[in-house]
Each structure stands twice: as C-alpha cells, then as structure tokens.
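The same chain A turns up in both complexes below, where it pairs with chain B and then with chain C.
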Partner chain A sequence: MTELIKTSPVIGAQKKMNPIMGVHQGMEVALSFVDQKIEKKHQAILGVTDVSCFARFAIKGAKAAEWLEKQGIKTPEVVNAWLEGAPGTMVLRLGNTEFLVEDQATGNACTKLHAFDQSNTQDAYQVARADAAFILSGSEVLNLLSELCVLDLRDAALLNNALVMTQIAGISATLVRESLAGEQVYRIWCDSTYGAYMWEILIEIAQELGGGAVGLTCRFQ
Partner chain B sequence: MSMRLPKQVGEWIKRDKEIHFTFEGQEYKGYEGDTITSALLAAGVKVLGRSFKYHRPRGVLSLANHDINALVTDGMDTNIRADVVTLSNGMQLKAVNTDGGVIKDKSKYIDSISPLLPVGFYYKAFHKPASLFPFWEKVIRKAAGLGIVNFNYPRINKRKLNAFCDVLVIGAGPSGLSAAISAAENGLEVILVDENQQLGGSLTYDYAGEEAAQKVLSDLVKRVSASSNIKVYAGAYAAGYYQDHMVPVVAADGITKVRAKAVIAATGAFEQPPVFHNNDLPGVMLGSAAQRMMHRYGVKPFKTGLVFTANAHGYRVALDLLKAGVNVSAIVDLRAEGQQDTQAIELANKGVKIHTGYCVYEALPFKGKLGVAGALICPYDEATATADVKQAVKLDCDGIAMSAGWAPAGALLYQSGMGVVYNNDIQQFVPNRLPKGVFAAGRVNGAFALEARVSDGLRAAAEVANLLGKSVKAQSVMPHQGTSPSHPYPFVHHPKGKNFVDFDEDIQIKDFINAAKEGFDNIELMKRFTTVGMGPSQGKHSNMNAIRILAKIRNLPVEKIGSTTARPFFHPTPMGHLGGRSFHAHRLTTIHAWHQAAGAAFVDVGAWSRPAYYQKAGLSKVEIVQQESLAVRKAVGMIDSSTLGKVEVCGPDAAEFLERFYTGVYRDQKVGRSRYVMLLDELGVMVDDGIATRIGQEKFFVTISTANAPAVYREMQRWLQVWKLNATLINVTSAYGVINVAGPKAYQVLSKLVTIDLSEDALPMGRSTEAEISGVPVRIVRAAFVAKEAYEVYMPSGYALNIWKLLLEAGKNEGICPFGTDTQRLLRLELGHPLPGVDTDGLTNPFEMRAEKALEMDKAFFIGKRSLEIIAKKPLNKALVPFVLPADYKGELPQDCNLVIESGAIKGRVTSVAFSPSAGRVIGLAYVAMHQAQLGNIFEIRTDNGKIAKATVVHAPFFNAE
Partner chain C sequence: MKLLNCPVNGVRPLSEFIFGGECREMPNPETSTDLEWASYVHYRDNAPGIKKEWWYHSPSGTWFIAERNTLSDEVLSTYLHGKAPAKNTKEQSA
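Entry: the complex of A and B
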C-alpha cells in the first residue's frame, strides 16, 4: 500500500489562491503562491506562511519535563516560555506539566521522540495534537496583531522567549516572537480546525496592509 | 455673498486647493480643510438644517459637534455632522429632516402648532379611541428619527485596533498639550487624543484680538512634534472610559482601544447657550463658535452683531469679532456689575457700547425665521431673573454671539467613577474624587485662565509620573481669580416661550416647569420625561442648563440637584465602527473542502460547519435525505464525524474519574471494550452522552457530542480539580478525524483497507481495535448510532481527507454514499436513539427518557445521583416514547415541538419526527403524559395547521434493523 500523506489544515483555504503545492515533513502544503519577488515583498511588509507541516511532539504530566530531559531535550524552566531545546527544535512550555516540541525547518528531534515507546511511562502522557501554525513577518506585523489580539506584543512588552496563550481573532492561540534568519517574526499556533478561518483572517488583513501569503519555499529557501 | 475673511494666522484651510460641492441642489465651493458648515457659511448660507420636532430653521450653534443643527446626508451616509466633517470634492449634500428642502420644508407649519405639542404629549394622546392608534403610530413613526437609513449601505471595513501606552492624554488644548509634553519628558509613553483635526483646543480660536495664545500654541505643538514619546491621534475622539483605563478612540477609519496605565482627561468644557426667546435663529451662535469660524476657517460670522454675555469670555469674543471686521453694535451683559478688566476697557475705548445688567429679551427674526433682523434688549434683574420689558430697546443686527458659561466635558470622568463638588467661585461641578490612575486637568478641572490650564496639565503629568514610579516634583496651580466663567442662571423667561435649552429636542424652559408640575422634578426623571440630553448631542449644550433650571424650580442649590452620567460613546458612532471586521470563528474538519466540492449543504453545529446533506440536481432536501438514508440501510454510507468531542483520560485514577463523572460502570471495563456514557448535571438533568473506550489499563478514550464538547470538557477539568484525582485529561478533538462507515456492506468496504478481521465474531458491537490503513494507525470502534453494522474509524486528523478518499474508492462497487447530519438524524431516529439537546431539554432526567439501564444507582457516587434518588421517589409526569403515524397518513407532517394534546390540554410535545423510507411511515419521538405512554396507546398531535394527527406508541427501532 502507498504511504498516505497528511494535508495541511489550511489547505482548503489556501487552494483558492492557486498555490503550488508540495509535500514537506509528510504533509501537503503550499510551497509558493505567486512570483518569488512578490512573496519576498510580502514577507518584508506582512508575510503569512503556513508551517502546520512542522513535526510536533507534545507531552503532558507531572514527569513530562523529566522525560524530555531524559531524551536530551532541554525544557524552559518557567511556564509560558520557550527555548531551542535541541538544534532546530523549539520547546514550548505551555503549563507546569505540559510541553510542545516542534521541529523547525531543519530540526529532527520530534521524529526521535515519537519513536520512543512511551506507553508505560507513568505521569508523562503523549498528547496527540493537530495545530495550524503560522509565521508572520514584516514591518506591518504589529499593525495586524493590534487588530487581532488585545495584548501588548511590542518589543518592550513581549520579552524574549516569552510565550503567550491568548485569543487571536477570537480563538485560543499560542504566540511567541523569534528571530528567523535574522528577521524578527511572530509564530502563532491554533487548533487545526480553526486553521482555515485563521488563515483567511490573516491573509485578508495582510493584503489590506500590502502583504500576503508567503510559501514555504520563499520563507526557507 | 462671500463671508470669507482674508487669510488668518493659523487658519486650517488651504486656499490654494478649491473643493466643489452642492448643498440642497446649489453649487458651492470651499477649500481643503473646510468643514461642510464652514464652507457653506463662507458662501453666505445661514440656514443649515431644520430642528427635530418643530422644524424650525437652524444655523450654526457650536460649530463643534456639540449640537446637531447641521446634519446632512450625501445619499449614502446619513446624519453627517456638517460642523466637523471635512469637505470633499463632489459631495452632493442635503439637510436631513426636511420635507421639500431646508428653506421650503413642508413641515415648518409644525412650529405654529407647537403649543399643542408639549413634551410628553405623545405619552398621553392617541390612546383613545384605540382603533385609531395604528393611524397615529404611522404618523409618529414617520415624524420620529433623523435621516433615512440607507439599507443599501456598502460594507466598509472599519478596523478595531488595540494600542498601549503609559499615559493617555485626552484633549490637546493647553492643559493636554502641557501634560503630554511633561509626561513624555519624564520618560513616559504618551498617546495624545483630540477630536479636532488639529492640536490646540481653544488656543486655535480664543485670541481676544491678540497673538499671545498663538505663540503658546506654536511652542507646544513644536514640542509635541519633536517628542518621540508622544503618539498623536487627531480627528479622533475618546468615546468612553472602561475598567482598567481602557478607552476606545474613534476616528473616521475605525476604533483604537487604548489601554493605558493612567489617563489624563483634559477634555475642556462645552460652552452653554444663554436662553432667551428665539435663541435658535440662524445667526445666533455661541461665542466660541464665532471664534472657530473666524480663526480656523477664515469666515466672518455676521456683519453687524451683538454679544450677549454673562462672563469675561464674551468680551474676548467681541475683541475677536472687531479684529475680523465685524461691526459689534453692543455688548449685552446679564451681570449688573459687568466686567472690569483690560478687555472691557479696550472694548469701551473702541467705541463698543456695553449694556450691563441687560439681557437679550428676544432675537427678532426676519421672514420665515431664516435669520436675525435685530434684538430686543431689556434691563435684567439677576435676583429675580426677570426682564423689564417696558424699557426694551431694539438693536439692529444680523447675528448674536452668546457667552454665558460652560459645562465641564466630564463624561469620561463620570464613567470612570468620578465624584464631584460644585464650586461656587466658578459655578461649575469639579472633581473631588477620582479613581486611581485617572486625572483631570484644565477647564474640566476648574482651571480657566490660560496660565492655570498649562499649570494644571503639568500638575497632572507630575502626579501620573509619580504614580508610575518616577520621582517628579509636584506642581501647584493657582486657584481661579476674577469673575466666574459661568453665570448661575442665564435664562430669560418669555411669555411666548421658544427660548430653547435643548436644541436637539426643541425643549424650552416651560417644558421643564411643566415637567416639574407633573411630578418629574428629579433630574433623572426630568431627563426622561422632557428628553433633555437624550438627543444625539447627549446633553453637551443642555444638561448644565437643565440642572440650573431644575435647581431654580425646586429652590435648591445646584449641587443638590446632581448630574446625570452620559453613557459611552461620547458622540454617536456609526454601527460599522462598532461592528468592525467580521470575526466569525468557525471550525472545519480536514475533509471540509471535499464536502464543498461534493455539493454539501452546510449546517452550523456549535462552532462547526458540517454537511447536512449532499445536494443533487432535481431533488429536494427531503428526497436527498431519504436517498442517503436508504443507501445506509441497503448498502453502505459514510459520514465525516470528526466534529465529535474526544478526550483521553489517562492515569491511575482514570477509571475512577469516569465512575464519578458518568452514570455507568467503567472500573471493570476491559481494554478494547466500549461502553455508553451518560452525563448528568447535579440536578439529575441529562447533559450529554457518548462512548468511552478503554484503550489502556490507565487510559480511556471518551467521545462527546459535537455541540456539547467544549462545555463538557470544561466540566471535566473542573471536576478533576475538585476531586483531586491522579488523572490527566487530554482534549484530542482536533487531533483525530472520525469517519463513520455504516450499513450492511460497511464490513465489506472497510475490510478492503485493513488486514485485521472486522467480522461480527472478531469485532462485535462494543469492541474496538487498533489497525492500519495505508500505514496510518487507526482505531476502529463498533458503535450503533446510525446502523447496527457500523464502524467508527478514528485516525490522526491530518490523514482524514486521504482516508476518506480511500474509503470512497474502496466502496465504489458497493455504492458507498456520503451522508450528512440531516440523514444522520433520520438514521438514529429510525433506531430510536434520542439526541441530547434535541430530544432532551434543560429539565429532562433519565427516567423520563426511559434510560434507567444507563444508570448504575448502586455506585457510591456520580454527578446527579443524589438528585436522581429524590426524583425516583416521586411519580413521573412524562415519558419519551417512540411513535408512528398510520401508514396511510396524508395530513400535514408534524414538526419538532408540535404539541401533544388531550381534551384540549397540552400533555407533551414532539421532539423528533420524520418520514422514514425504511419504515414506510412517519416516525418520531415525543414526550407524553405517563398514562399515554403504554405500548399501543394512541395520542394526538396538533400540527402547524391546527389539524390533529393520531400517533401510536410503538417499540424502537422502527424497522427491522437486522
């Protein structure tokens, strides 16, 4: 039998934009939308990239941190913070006993973590997740976020490595700011079933402000 | 005739940029920076609108959005505030509230019958005879309201943004500017808001013929511009104060919700009109309006005018008028002692006649009340508030400027919880108690002299800085010196009335007197009876005068009357601003795009959008649902059930948690087995049901109905906290997709995709197994919600679309048919399964549903058990029964919620009903009285058309499900 691939939770909304699709980390995603020059321009003004395809591993329970550390993954010491827990891998501490590990474009820790048989581990339970995840970049990104989120997300207010769990466009979401290839970007994760809605709202505002969709290829070429 | 003045220092218009527009069909020109009103005034147009009630001609009153004399429509927008909305090319404007144009308004006759229409007349009239009320209602509705709502108004997105700062300064007059600069210099991040298009407040118009104020303004504005700590929102108003210093700032393009650590309200004061006969004629205006006209827009307010005053400001206005070339024929000062300062002397030296202890008894109109022909002035006794008409003198003039006092613009401060005290030195309410982080500065705080206002801004800024952790030297402010800026009773009674207090609602002095006579002599009652302050201006030019009148009527000091609180928003705000962008968060499964492409008709279930059925050309919804249901009964169907709530309960106490949370027994449940779960609330009311599958010794997988999932999961979390069990809840609703494959050929189709045995022997009802489909791990659960032969297939949601496609392909030869929720409801009804929320309501207990089998009353505890024990001791009043209509029934199909009737009395209601092609008749569920619930009993249902359908109680399922 043929190995199945996953589809991005945003795919239905993206296909209206006639993107060039491809498979990344086992998921069908939009690689590019328009001419690369235009996407680069969008990226600089307000670019929105769907990175739902990044591999993730989540764990919850009193011994979750201990279990991750045993697997060689560093974890943030405080709640609502994130760090690079392994090369190319973000570790987000979502609560006292809950963590989300996400491989970035170059990371591969999640594959290893999924490979561990965890069924007999007490007080550390693997959490099946399906996230819609986005990267927002550009000079107008705070303008966009000021419409979607009631929190102060400016540099002075959102500390480095801080993680906020808040409402974005009326739905629960997690947000961090990070530096990506020297560019300051915001990362958003939300429930995958809201992914299409979130994508449509982000793109609607981005286009109003002179930005738009940015494919994976442009973002990580 | 042009009233445009030569170029003025600091004017807001750009004379090199002409703008062309029409008003009432006539072409006019103005300049960039003009408001609609200023451009019309410059063109010599004085009549800008008609009053709301009596249709009296109206011109400029405040030129500041403190009144609604000049409301216009451009055909798309209505009630455009002409005084403050800037002119743009091509505008085609008309006054609102006219019938035939602003000059020839056919409704102007109402003014002549105004004695028949006192305030509150409509409360008392038109009730008898009752048969005529519909006629009067139409007349009143036609007359009521301003402007015509444009139902074809396009959706224009007005963004609602969030902004943050250390200190929000509201008002950019001398106090606000000083406060903002000082706060910024102390390292605070400042947002400065002003409703005017340019900064400066009164510094942009109140000059008293000098240039000193302009120099102060220039210096302050330069410092604001130079500060990187100050962000300016001009042309935007702070619309209200909300908890935690949240202030929505409304601009033309949207709303910014500012959250500040502290707020300084330097909101100034509204000039209040003195009240005399015909004080509403076009050409009679507030002194500050005349100043705005001259200095901001370079327009002469009138050629020959008099100034009716009761304070020093009137003298400043007179000096400005003189400088602009207006012939000031006299100053009429209500106060016997007049004004004794340099400005009064200067005016006298310039030959202006000053009548102290005089009032304007009436403004004399010219034909049609379209303007001022003169004024009748009389000696005035302040002690008795009476005019000596015997000594009346007529003065010729074409305009009157009025300056008698101020009302603090304290709406936001009131909303914040400010306490006030009445200061007799300035005849004004001033703050005596402000919430932490809220400060007042300038006129709203009782500081009137320019130096005092600047100092008060600095004081407020210092207090804010110290509050926010800076160390700044406190500032002091000199108390008010000189005469009071407001007169305690600037009212001239007149036997003919038409001395207006509230220009929005055409309310005269006598209306207050009559209201008090009828017992409405409390400020709140009087406001509601007279409607003073309830027009679009929200009392900006009338509330303080209303308080003064009521104080006089009741012979009480003003402070005993109190004040009303204007609610947010500060100015009427378009609905589009309040709506902002459409945020309709909706949840979609990963298969949604396929459903769309397949022609699904969607239905909202909670936040989800689900296919109700798949449309087919030429078939009705009912026909499609029946076709889809027959496919399931005869072959195989599949439905995307990914919307089901799904929760993993893990840990040593997982079974104990379920034992307490649900009504059944789970402790002894074996791994790989599924059991029905029923959730009650503490009153024993049924809340939800689902399936719990034990997938490990310490792990259960629980499903929750789609719409209830968020609420049930919250309850799970709450009870876990309460019980302090060693269990962990994981909401995996979105993580797993679910496809329900149902029908006699379901086994056949599914078996093509998995390697394990799915036969009845290997996987009977109530069992689950782990399997793989194309390498993807799936869980298959036998559950009989829509058919006995049904499999729920759970998979990581990212794979759901491709597994859906695989199933479609695998079932092609078996005639697999996707079906939606409407069909699902019919299928489960055919099996006799009640749906929580459909066949239950907020009071239904399990006994009424005949669900005793789901209750393990021998358990020590489950939610609702104690209530059930009490309920069980009482006789039941109703029961849910399956019913059928006769096979040959031809009447109207009963609907959900049709009533069960017995001898004319209501005995119950239908909860679900449909025609079942499998049963060949109409089937349903209904609540009936207990004596009607026996098998074979016939009861009556009243359909929508009032006819009776006879239903028979039967067993479910309604057909041979095997």
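Entry: the complex of A and C
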C-alpha cells in the first residue's frame, strides 16, 4: 500500500526560498533553508520555523477530558492552559470540553490516539484539525509580536502555561510560550488556509529585524 | 481603541468580536398567540437603552451576552448565556 505524504500548508510560500525538503511525521516540510550557521544566527535573533508537520489530535465533548485521561494523557484543569500531557506531547485546553493534543519532535501520543476506535465512545468526538503551526524564537521575538498582536505578551499574558486565543496579523490564532531546549520560544497555530500568508508576514518582519527562516533540522538538532 | 471583556478570554480589542444581534426570549411557538409570534419575528425595539446582545469572540469561538447601553455605548456586563451577569467596569473605553 502506498503511504500518503502530506505537504505543509506553508510550502507554497517557502518554495521561493529554495529550502531542502524532507518528510517528518508523514508531512513534507522544510528541513533547512541556508547554511546552518546562518540559521543558528537567525534563531538567536528571530527565527521562524514551520512545524505544521507535528501530529495533532483534537477532541471535544463532555467526556473528552475523561477519555484522554483513560488513554494516559494528562489534561489541564483550567480553560486556556496547556501542559505536557505525555512525554514530548503538548495538550492544549481550548475550552471547557475541547482539547488539542500535539506531538512535539519526539512525542508519539497522537499516533496512538488516532488508532483508538472511538465509535463506541459517547460524549467525546474527534475533531478534524488542519493547522499551520510555527515556532518563533530569539531576542527580537517580542518586537515581532508587538507588530502583529495587540496584546501585551511580555509577562502576565502567558504566565503559568496559559494559552491565548487572539488575532495575529488579523488572523485568529492560538499562542503559547514554552521552553524548548532551554530557550524561550513562542508557538503559533492558525488555520492552514492562512498558513502561507502567516509565514510571509512572519518572515518579512523577521528579516527586517535581522532574523529569518529556520529549518526543522537546525531547530531540533 | 475600544475594548470588550470576553467572559472566557478577558479584555480584547473590539476587532476580535462580531456582533450577533439583540438577545430576545423566543415565545413558545406552540402556545403563543399569532400576535405574540408575529411581534417576535417582525418587530424590533430600536429605542436606545440597555439591551442584551449576542457577541462572538472569533479567535476562540465564544458566544456570550453583553448588556450594553445603546445610547451611551457603555457595556455594563458580559457573561456566558445562562450564567449570572457580573458587573464589568473598564471593559470599554474610547
């Protein structure tokens, strides 16, 4: 049987940068753009990485939290919060009864969740997700976000594993701050149909501020 | 910038919200008179004053009620439908 390889929703906007492409978690994604030394420099100033390839599993319903707990996935107790629900897996609580589970570079919980038969599960419904997802890092990242988002994200807005659903560059998006390999980074999710637009906006501002695109290889080296 | 307080997500710019119309109790179509039903379907009270309105926070998909003085454009409270209103103070400023 032929395995279907998906393509990142951002790929159209990335092609002109001539990235080296590769497949990660079943999706073709940009692994690198330029020399790794330059990408490392971008990462320190303002690096933008497309991580749309991370596997996701969304579920909603009155018993969604209970169902996830049964599968060994921890869930945040309050709305608009996230935690590491399993090793290498983020769990975002988007509402009282709605959750987004996302495997990071090393997680594999979503693969297991997709394998469960939910047909006999009541009050917990799988939701199709098609997100474009990004990692932003570097010393200038707050300057970029201040251009695109009206919220003051410096301190209180994202404390204690909070997540924020707001508009970024005029697009409805979800935003969290996390620590990745000791580095403070920001994560953005938006609808995949806006992925190319979001990528172009992020890269344009990043380049103005001395940063640029960072491939998956450099980010998770 | 005008701000509005979403009961779930907190104070946000008005550009993140969509107005959903006045919140009105629907009479029971089985028991209401024709006059009551026609009034509900066709009539609107456009006199300025304190109204209950539906508002939608689009990034999070949250529908909620805002009690707003349509004469002064002052929002008195915002709350989820079915929940008790809590008085807001500085959710809207010019």
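Everything that follows uses one rule, which is that the second predicted complex is superposed on the first by the 218 of 221 C-alpha atoms of A that agree within 3 Å, B and C clash if a C-alpha of one lies under 4 Å from a C-alpha of the other, contacts with A are read in each partner's own complex, and residues count from 1 in each chain.
Just so it is clear, a contact is a pair of C-beta atoms (placed from the backbone, for glycine too) under 8 Å apart; a residue touches a chain by one contact, two chains touch by 3 or more.
Keep in mind that what you see is a predicted model, and the values were worked out from it rather than measured.
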{"item": "Chain B versus chain C, judged by how many residues of chain A each one touches", "value": "B"}
{"item": "Which of chain B and chain C A:173 touches, first, second, both or neither", "value": "second"}
{"item": "Partner chain(s) touched by A:27 [first = chain B, second = chain C, both, neither]", "value": "first"}
{"item": "Touched partner set for A:80, first chain B, second chain C, both or neither", "value": "second"}
{"item": "Partner chain in contact with A:5 - chain B first, chain C second, else both or neither", "value": "first"}
{"item": "Contacts of A:72 with chain B and chain C, given as first, second, both or neither", "value": "neither"}
{"item": "Touching partner for A:150 - first (chain B), second (chain C), both, neither", "value": "both"}
{"item": "Contacts of A:165 with chain B and chain C, given as first, second, both or neither", "value": "second"}
{"item": "Touching both chain C and chain B, counted on chain A across the two superposed complexes", "value": "150-151"}
{"item": "Contact set on chain C toward chain A in their complex", "value": "1, 8-9, 12-13, 15-16, 57-62"}
{"item": "Residue ranges of chain B in contact with chain A within the complex", "value": "157, 159-164, 257, 259, 581, 583-590, 592-593, 596, 608, 648, 650-651, 696, 699, 728, 730, 732-736, 773-776, 796-799, 801-803, 806"}
{"item": "Residues of chain A touching chain B in the complex", "value": "1-9, 11-12, 15, 27, 60-61, 119, 123, 125, 127-130, 143, 146-147, 149-152, 154, 157, 169-171, 191-197, 201, 204-205, 208"}
{"item": "Of all residues in chain A, those that touch chain C in their complex", "value": "79-80, 94-95, 150-151, 164-167, 172-174"}
